[in-house]
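Okay, got some structures for you below.
What follows is chain A paired twice: with chain B in the first complex and chain C in the second.
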Partner chain A sequence: MVSRQTTPIGAPSCHWREHDVDGVRVAARTWVTDPPRPEPIVAVHGLVVSSAYMAPLADRLSDHRDVWAPDLPGFGASDKPDHVLDVRELGRALAGWIDAAGLRDVVLLGNSFGCQIVAETTLQRPDLVSRMVLLGPTMQPRLRSVPKQLRRWRKEQKTQSARLKALQVRDYAKAGIPRAITTFRHALHDRIEDKLPLLEQPTLVVRGTDDPIVEQDWVETVVGLLPDAELAVLPGATHAINHEQPAQTARAVGRFLHTR
Partner chain B sequence: MAKKIKDHVVVVTGASSGIGRATALACAEAGAHVVVIARRKELLESLAAECRGKGVQALVFPADVTDAEAMDHIAAETVGTFGRLDAWVNNAAVIQYGRFEEVPLDEWHRVIEVNVYGTVNGARAAIPWMREQGRGVVVNVASVLSKIASPFQSAYVTSKFAIRGLSDSIRQELSDAPGIDVVTILPGAIDTPFFQHGANHMGLQARAPDPTIDARRVAAAIVSGIAKPRREIVVGASTKLGLANDRLAPGLTEKAAAKQMADEQFSEEPAEPTSGNLFEPMADGDGISGGWQREGKTPAMKVVGIAALAGAAAVGVLARSRSDE
Partner chain C sequence: MPSPPGFVANFDSATAMTMATAAFLRGEDWPALGNPEPLKPLAARANVLPTKVREKAFILGGASEITRPGRVGKIHIDDVADWIAEEYPERRYPAVSVGSSSGAGVYLNAALGSPWLPQTLLLPVGQRVHPDDPQTAMEKGKEPAADLLEANPDWQLHHMHDANQDRLMVRALTYFRVKRRRLGDGYERFIVDRLPPGRTLLLMECKARWKTTRMGDRYVYQHGAMGGATQEEFHRGSERVAEYLERYDSPVREWDGPEPDTESPEAEWGFEESLRDDVVRLARERRYRVRRVIFEDPDSLSPLVADLYRWWYRRRRIPANRLLISSFVINDPYWTLRTGSTPFWMKFNMQPSVDAVNAYLDSTDPFDEIHLMLFQHGVRAVGLPPKEAWTDILARARKFGRPAGADLDEFPYDFAQFAKYHDALQAIPARYPLPRPLTLDELDEFLSQAGDYEGVTFEDIDP
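What follows is the complex of A and B.
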C-alpha cells in the first residue's frame, strides 16, 4: 500500500464509532468532519476481512467526502450474531446500520464480495442510496464453483502485498474459519446479476487490469446490466484495489463523484 | 524495455503527426495506455484507433497546448480515468522561417507561445498529480537547436533553448521528489511534416537539413526515457557529433552551423509568405514522415566532412581527458 506522507489540511482522521443494530453492536471506522459533509461514502469490505481493508482508500476519499467503513456483523470489531448471516441478512444489517448511524443519500462503495452486499442493500432500501461504486465486483456466474473460485483466489494471493496478507490472517482469525467458509458459500449462491438491472442509481464499476478474480467481460456485463453505469479500467491495479492501489482508485472514484 | 512501460499512462502533445504520432504508437506498442492531444481531431481519432488495435486504452483530447486550463483539465481527466499519470510528453512545436528583423512579430510570439508556454502548461498540469502519486516522468522534446543555434529561425531556436533551461530548472526543483524525473530529448533534423507546416517568410521553400532521422527513432528514445529516465537523450549520430563539436569549439561550431543551415534548410523553389500551421492547423502533413528521407543520397562530401569532424572531436576529447589526468 502507498502510505501518505502528508494529509491535506482539513481532512478528518479516523475514529471508531459504534451503533446498535437489532441488538448487535456494529463498529465502524469513520472519517467524518464537523459538521458532516453531504452524501457520505459507506465502504463495505469483502470476504472475509474488515474495515481495515478499506482504510487506505477511505483515508484518501475522506479528502472529498465523509467516509464510514463498518465491520459487518460477525467480522472485525463488530459483535457476532448467533448464526452466520447470508447475503440478504447482511444487506438488511447494513441498511439497519445506515439508519442507526443517521446517514442519508449514501454512496455505497464495495470491493469484491462487498459489492454483492452493496447490491443487496440497494435493492432492499433504494431510498438510502444515491450512488454506487463497485470495485472488482464478484461473483462471475461462469466462475461460480468452489474449485474455480479457489484457483482464482490462490492466483489473487500472489498479487497481494505482505501487509494485506498479514491483515487477512488477523481478520480471518477474528471471524473464525467456519464463519469464513459459510459466508463464502452464501456469496457463491448469491445471484448479483439478477439484482443489477433493478438498481437505478448512477454507478461506477472499477476493474484493475491485473485482477485475476474479476474478468474484463464480466465487468462489462455488470455495466450492461445496470441501468446507469460507467466503467473504469485501471492499468496495473489488482483485486484488493482499495488496499493495494488506494491513490489510483481514489482518483477514479473522485472523478465519478465530481462529474456525475 | 517494452515491459517496463506496460500499463503506464502516457500523455503526448502534438500527437496528430510527426514525432508525437510516432511516440503514441511506440508507447501503445510497449503496452502503455495513451492520451493524445493536438488540434486536429480526426487525426487523433485515427491514431487512437490504431493504438487501441494494439490492445491498450486511448483517450483523445483535441486542444491547443497554449490553453493552460485545457491542459489542467486533460491531466485531471487522465487520472480520473486511469487513476495514474506516468509520463507527460511535451512535444507540440511550430516553427517560423525568415530574417529576425523582418518576420511578423505576432508569429514570432506565437512560436514562443506554442513551444515554450505549451511545455510550461503541460508540465504544470502534470507535476501536481505526479507529486501526489510520488512518481512520474516529464519528457520535454527540445532539439539540437537547444544547444547550437541556427539562422533564420530565431523564434524556434529561442524557444528550444528556453525548453532546455526550463527542463533543467524544473529538474532542480524536483530534487525533493526523487520519483519524478524530467527528461530532455535532443533530436537532430527529423523526417516529419514539421518543415512543411512552418510559417515562412524567406521566399524559398523550407526543407529538412540532411541527413534526416526517422521520427520513430525519436519515439524509441522517448519510450526509453520514460522507462529509464536520464537528463538528456540525444537522437542521431550527426546530432551527437554536432554537440561534441560544440563542446570542443563552440565558436567554430556556431559559424559552421550558420553556413550549413543557411545552405540546407531552404530549397531553390520559391515560396509565397505563409503563417503555416501557427494559428490554424494545416490539412496536409498527417503522417509520421514528411517525406524527407532520401535513401543513399547523403552527399559524399558530407560524409567526409562528418568523419573529419568526428576525428577532430575524438582528438579533442582525448586531449581533454589527458589534461584532466
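What follows is the complex of A and C.
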C-alpha cells in the first residue's frame, strides 16, 4: 500500500491510498482517522468521472465517519484494464477492492451510474454492505435508450457549475472517449430494477427536485422495489448533488445514518 | 435460423433437443427434425429405395457433419454457445435450465417457458473402422482426442463406440461426446443477460453411468451405449449379441473391447458433476435459486412430465385423453400443446422403451387416443422390439391408436418418418391455444399433489 498526501481539507485530511485488486492498481481518496471509525462510507462515482467528483460530499461526511472514495478501474488515477469493464465486472472489482482495503460493514453510497455499481456490488457480496445510499439512481427503464439519455444528459449539463464541468473534462480525458462510450452502453444494458428487490440492506434514496435525468416517479419506484428504503427529496438540488449541493446532501445522509 | 457450427452433429440428441426447445420458445413448431422444408418431400419418398441404399443415405446424412481427425485440434467447442444463444429468443426468462439431455426435459422446459443449455455435445470425427472392432476404434481416437482436449480445457471427452444401434454411422465416423465442466463465457453471458437475479436455474442431472476405460485426465473410452443391449452384453457378449453379429455377417461373435477400469457419466445422457459447482458459483453471485432435477435414467422423467401435462390440461378444462408417444429426437412441444396431447418420451425405440410405455399405461387412467412418433435408426439391433410390441401399445387406446407418420412394417428402416411426423401431428383435428408457461409454484403444486416418482428427485440448493 502506498500513501501520498494531497492538500489537507478539514479533519481528517484527504489521503490517496492504493490497493492491488487482481493485478489492477486501484487508487482511492480517503478521509480516515486512526484508529478507524466503524461502518465507513464507500463513495462510488458516476459515469466516467472519478473520486474527485465525490470529494465535496466526502469532505463533509468525514466529520463523523471514515470515507473512502475509489477511482474505479479504468477511471481517474486507477489502472486501466485491457477491456472496458461492464457493470458486473465493476461490481466484482469494487467488492475486491473493499476486501483488499480490509473494510467491513460499509455504507455503500453512489451517485447516478455509481448507484448501479452499488446495487451490483451489494447483490454479489451482501456480506460486505451494511447500508446503501443512492443519490439520483439511474437507469430508469422508460429512458433506457441512447437518444433519450443523451437528451437528458444535455439538459443536465445546463445545471452544472463551471467547476464540475472542468472536472468532467479532465476525467473524461483520463478515461478516454471509447471507454466512456462503452461504459455508457454497459450502463444502459444493466437492469438495476431486477436487483433492487433482493437487496435487504436499509437504504436511503435521494433525489434533487431540479434533476433532469432522474424523475420523481422513478425514485418512488426504486424505494418501492427495495425491501427497506426511504426517500429524501432535496429542494432545488440537481443530479450531481454530491458535488453541487454537498452540505444539503450530507445533512440528509447524516440523518439517515444517525436514525437507522 | 442459423445452423449449429459445422463441428457438432445435427442428428444428435443435444442439438436436436435444443432446436426443438428453442423452436417452441419462439412460438414455432419443429418439422422434419429441423431440416430445411424443401427436403421434406425427398425424405418422405425415402422408402421406395431398397434397404441397402437407405442405409447409405442415412450414413451420408450423418457424414456431412464430420470433422477430419487432423482438424480436431482447431475446434473451439465453446463457439457452440453463440449458436445456442441465437436459437433462443432474446428475452428474459422465468428460469433457465442447464445440463443433461432428455426428451421429457424438452417438454418440461417448454411447459416452464425456460430455455435449456445442453452440457453434452456430439462431435462426429472421421474414422474408418470395422463396427465390431472397438479396440481399434479406441486406439485410432487417441491422437485427435489429445488435440481436442488441449484446445478445450473446460471440456472432457467421452469417446464412444456403439456397434449396436449406431452400427451404420460408426463405419464412417467415431463419436466424440464432450461434456462441459464449466459454464464458460457464452453460457454465463446467456444466463446473466436473460435470467434476472432471484430467478431459478434448473440443473438437469441424469445419473446414468457406464463402465469405461480411463484414457487420460479428462478422457474416457466408452464401449457400448444405452439402448437394447445391456452393459454386460457389450463387455461379455451373449446369445443375442452372437445372433446379431451373425445377422450382419460379422467376422466375430462377441465384441473384444478394452477392459473397463472405471465408471463415468454415460457419454450421451449422464451428468458430469463438476458443472454443478460452477453453476452454484454463478448462482451465488446473481442470487439465483438452484433447483436440481435429478433422474436415474434419461427417460425417468417421462411419466412425471406426462402427468404434469395431463394435470395442466385438466386445470385448463381441456380433455386430457390423447397420448402422444415421442422417441429420441422426434419431439415437437408446439403441436403437442396445440392438439392437447399428453407427451410421453421414449429414450429410443428398443425393448426397454416399450416396457417403459407399458408401465406408464398400467399406472394411469386410460387414454382415448394414442399416437406414436417412432425414431428409425436402420439397424436390426440387439433388443429391437418386434412390430407387434408397437401395435400392442397402440391397441391400449380406448378409441384408437395410430403411428404418427411411421409405417410399422418398415421399422426400423422407415426414414420417411422424419419427414412425416409433422403432417401426422397436424392431421389431429383438435386445436387449443398455446397457454402461458407454468410457474415454478404451479410445478410445486403439481408435485405435492402427484407424490413421488420413481427415479426422480427435486432438490433445492441454498446459494
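To be clear about the criterion, the second predicted complex is superposed on the first by the 250 of 260 C-alpha atoms of A that agree within 3 Å, B and C clash if a C-alpha of one lies under 4 Å from a C-alpha of the other, contacts with A are read in each partner's own complex, and residues count from 1 in each chain.
The rule is short, and it goes like this: a residue touches a chain if its C-beta (ideal position, glycine included) is under 8 Å from a C-beta of that chain, and two chains touch if they have at least 3 such contacts.
Keep in mind that this is a model prediction, so the values were computed, not measured.
Chain B and chain C, once both complexes are superposed via chain A, fit side by side. In the superposition on chain A, contact is made by A:R255 with chain B only, not with chain C.
Contacts of A:P197 after superposition: chain C is touched, whereas chain B is not reached.
Look at A:R88: by the touch rule set out above, it reaches chain C but stays clear of chain B. Comparing chain B with chain C, the partner in contact with more residues of chain A is B. Of the two partner chains placed by the overlay, only chain B lies in contact with A:Q245; chain C stays clear of it. In the superposed pair of complexes, A:L231 makes contact with neither chain B nor chain C.
In the overlay built on the shared chain, the residue A:Q124 is in contact with chain C alone; chain B does not reach it.
Distance between chain B and chain C in the overlay is 32 Å (nearest C-alpha pair, rounded to whole angstrom). Overlaid on A, the two complexes show chain B and chain C touching no common residue of chain A.
Taken together, the chain A residues at the contact with chain C in this complex read 88, 92, 123-124, 191, 194-195, 197-198.
Residues of chain C that touch chain A in their complex: 192, 196-198, 285-287.
Of all the residues in chain B, the ones that touch chain A in their complex are 6-9, 33, 57, 76-77, 79-84, 132-134.
Residues 2, 5, 209-210, 232-237, 245, 247-252, 254-256, 259 of chain A are the ones that touch chain B when the two sit in their complex.
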